[in-house]
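Chain naming follows the written order as A, B, C and D, and within any one chain the residues start at number 1.
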């Protein structure tokens, strides 16, 4: 197969001076389908966005018994399971693990980065079909969240959306971590200083991770996206619970809920109705309870008369890239090629 | 040691005609301390109430490397760690796993059973010191819940209370099971009929338990206590979530929350102030997140100017009977012996 | 049902002066079937022997959703699944967790205790049918081991045998613990002194169990049965591996293997041929790999022309008492009632 | 940092016509240290070999909170923790998961590939110091095994060796999988045909992995390396146990043991004495029991008067790349730079 992986370096204006001093020059990984270089055709574009702690380039990681994105797309195209398309994998990682693809005063304006910079940049760089009918946003986990978020707010950009095991129904997927957080954070010090210390000492790449690393990081990551607070002394977001007792703080928790897709369907009803394809799936053993989220989300779509495809499969949250075979097939069917 | 275990058979009026047709003649297991039979003294009474799926007699179960209640009390008394006391272990089990020691239209009036029948029955049967200062209510898990519930509502009966890893902060301890429930229940049939089928086929003692048995049973048990609904067609309670999607149904969930100790401290403030001892502990690895509940509960006590003892230990929810060594010591210190 | 549970206190000569100073007066729990007290009939006897860390009385432990032995037998008899029989549950527990029902210079002569004392004592005390065709030995886990061991050595006593998930194929069921043992024991001190310290400090009933408790106890228990060494300075058995590296010590390991049922079938072939029923089962998810042991054991029986019943079920090692429904049915079919 | 990653494509003669038809053109990933391109210096070479299911290129996989090999080496060099060196990461993967770096009639001659092709190829391609004192072989897990195997057989090639959690003490690290294998394989068919079917249907990159995938693959992989049998009908190796019962087949198992490092120290004593550095480490919670293997291996080295460095750390088998910080420091100290 003569498909190509191109790693562009894009210099962002939106991310310049982001609050975490994360890089504003970032790699954008692009899959150009086999015929791209041999023809003058234009192609639809699928934006594949990464889950928490991930970024686009990780889709190119190799392993012995699992395909990376190039191998998978090549096979699907070669075996005619899907038509040719451009797939773009941007980097919206932050120091705290991820941006959820929203604009946040704590991390940066990643929604703007995606909508105002990456999409136009791709349309300017490649022979794309620059229409919403010919664009899909797809992701897994926090990437699924990002897909739900961006598609419902920007149906003028994306008219196809896929959420694999996407974050939603926040009371099920996030709050279960808070009781572990309050215990795990204590070894880093007293009160809020402990969070500051965790951030200072654990967020690097070269040391063993403590047992509660993922629970703490995930909570910090979400708080930085959903309840930023640049004025706080120790760090620049608010936790939605008392750091010692774990008691929910409604004022902050409600800020989170304002980002919860199951709670936004009605508000964005008219936007969602514009979408040509909504694909939702989740494993019934999802460790983050996201199968409940997917069911609730779909029930809201249904209530509001919005069409969707909903699938379940018997698996957990991890190692489910094989689901791309199903979702890309659906994308291929619904993408407009003209 | 000449302590005695007596198994009384008590015939209840309160439980007669209970909705689940559970027995109304029940065993009450009583520990009489070593000197009881040799003296004419009167003794304080500790009511030790069981956790979910348990009942009093289970405290007498034996095993190779863990004491049962008689062995433990004998040792504590013999080594002068605690003073002599009567310990009463009633049976408030129901077909659905437990009563939470509340009055429920779905299971029966177990609060009344405890307060109006068991306590007077014991005072009539043995040489007790029939005063609230000389009575303690203690339990673990759902027994800890029952202790919190009964003590705050009946300080005229119990002036000492111990909750080991007691159910509270319901959003942390119960709702995490709902996403598993909606998947696990599906193999029993369609919609609400599935719950009815589960109840009909799984609630017996002689067959293997399916993987989701405890998650389903626990949810059914709590719903039967907190949101009874004798008018429902398939079964006699309401689930606080949509049975297919898991979406929280606020009207029902709020019924649950009206039973949540962390939410009741303010309401029962004056009662709680009457208590002579409140002992709260929980393991920091509690699988049901009850360490958060314990912390929140204590913070509410503190806010309301109520004294308490709060301890944490590094363990989970199961096999923590060794904590009785600490709580009974405290009980012994605070019980009035005159 | 008018069945009776009798708890006899038997004073053993065989166990007097046992090396661990374990009690020699022990409880023998006996189930007398419903008709026993109303008739003059004699009954076959089933000896139900306990697993590691267990003893007879534990079969009478109660719980909410699982039958104890009396409830189970009552139901099976009442519903005509099985005929009436006496069931005897002796106590062969030791300080180190269990005797494996063998004679050991480290723990005591438990094989003799069973054969020379308990069986005659029961025949003298109750109206039994005192013939091997009318006796069964049955157990689970280490109790299954004991059943295999005693039946093949004493077909003149027991002509029926049931092993549920019984210990065998020692290279699969025991040696996997040794690497955990060498790490877990280190916190108790240097070299062999650590084992002595573990024995001194952990083998009691009233304190939390460390994480490696069961792995260490199991290894100590088995070594005390299979490789006793009264002359060792620190304790009275030999470990079959180097205490620091875990390297197998063939001379000691071979002592263990001399007790492994899969390695003894040929030697005891003529005895095993005398048995009227051999029932072997195990769950295919057995955490101790005993399903492999069961398969190998049965293959050896087959090779030697010995009849057996072999069943598998999809479960692990724990909470499988429901299997008694199947095995007692088979016992009932094969026991001689005359 | 101006270090470079070069991906060479090497065409192997040794692997041409390998029995599994695995590729004989393979990528060799090479890290050239920062100063390489700016100077005429020659450098020592470290051969970093992959674990089971892995291959060289996977060291370049990126992730959010863990360094890949380039990032790690760059940091260690920049902070002067280690001196500059060339690091070579070959590909010895096979269809069955890995080659263990031995010559096998079932998979191919991977030992020869390493020794006769890769090392000379690197020495011909780069400015290396082509002396054994200036070469190190290092790996983790099966890569650690390969390091032990190659160094003891080729001290004329490698005089430094690092084994991180390397496979050894086969009775502890491999045989524990066999009972799971015999159950897991059954769903693929009858007897040995089941293995053939597994190989035919599961060894691809694009489908979900069944629960027993890793246990089965690992056993197949090791058998293909340690007990190849090109004459077998269904597949080209022998399993060291009966496929239905799991009973060890000594004749085959002994073939495995002839590859076990702890059993080879004495035989290769004079070779091992030539090594300038042997570094052995393992986590004390290693899920494959390799900490026991490491201890036994070191005890054998000690018995034979061979020097070594042995470290333990409190972690399991996975996600321990941070240990390279320690081992590369030691490599840097011992490598000869002239």
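Convention: contacts are C-beta pairs under 8 Å (C-beta built on N, C-alpha and C of every residue); 3 or more make two chains touch, one makes a residue touch a chain.
All values derive from a computational prediction rather than experimental measurement.
Asker: Can you list every chain that touches chain B and also touches chain C?
Answerer: none
Asker: Would you kindly state whether over half or under half of the residue numbers at the chain A/chain B interface are used by both copies, giving same or different?
Answerer: same
Asker: Taking each chain's centre as the mean position of its Cα atoms, how many Å separate chain B from chain D?
Answerer: It comes to 55 Å between the two C-alpha centres.
Asker: Roughly how many whole angstrom separate the Cα centroids of chain A and chain B?
Answerer: 43
Asker: At what distance in angstrom does the C-alpha mean of chain D lie from that of chain A?
Answerer: Each chain reduced to its C-alpha mean, chain A and chain D end up 36 Å apart.
Asker: Would you mind writing out the residues of chain C in touch with chain D in their complex?
Answerer: Against chain D, chain C makes touches at 169, 171-172, 175-176, 178-179, 182-183, 242, 244-248, 262, 284-286, 289, 291-292, 295-296, 298-299.
Asker: Considering only the defined contacts, which chain A positions touch chain D in the complex?
Answerer: 53-55, 57-58, 61-67, 71-72, 75, 93, 97, 203-209, 213, 217, 315, 319-320, 322, 325
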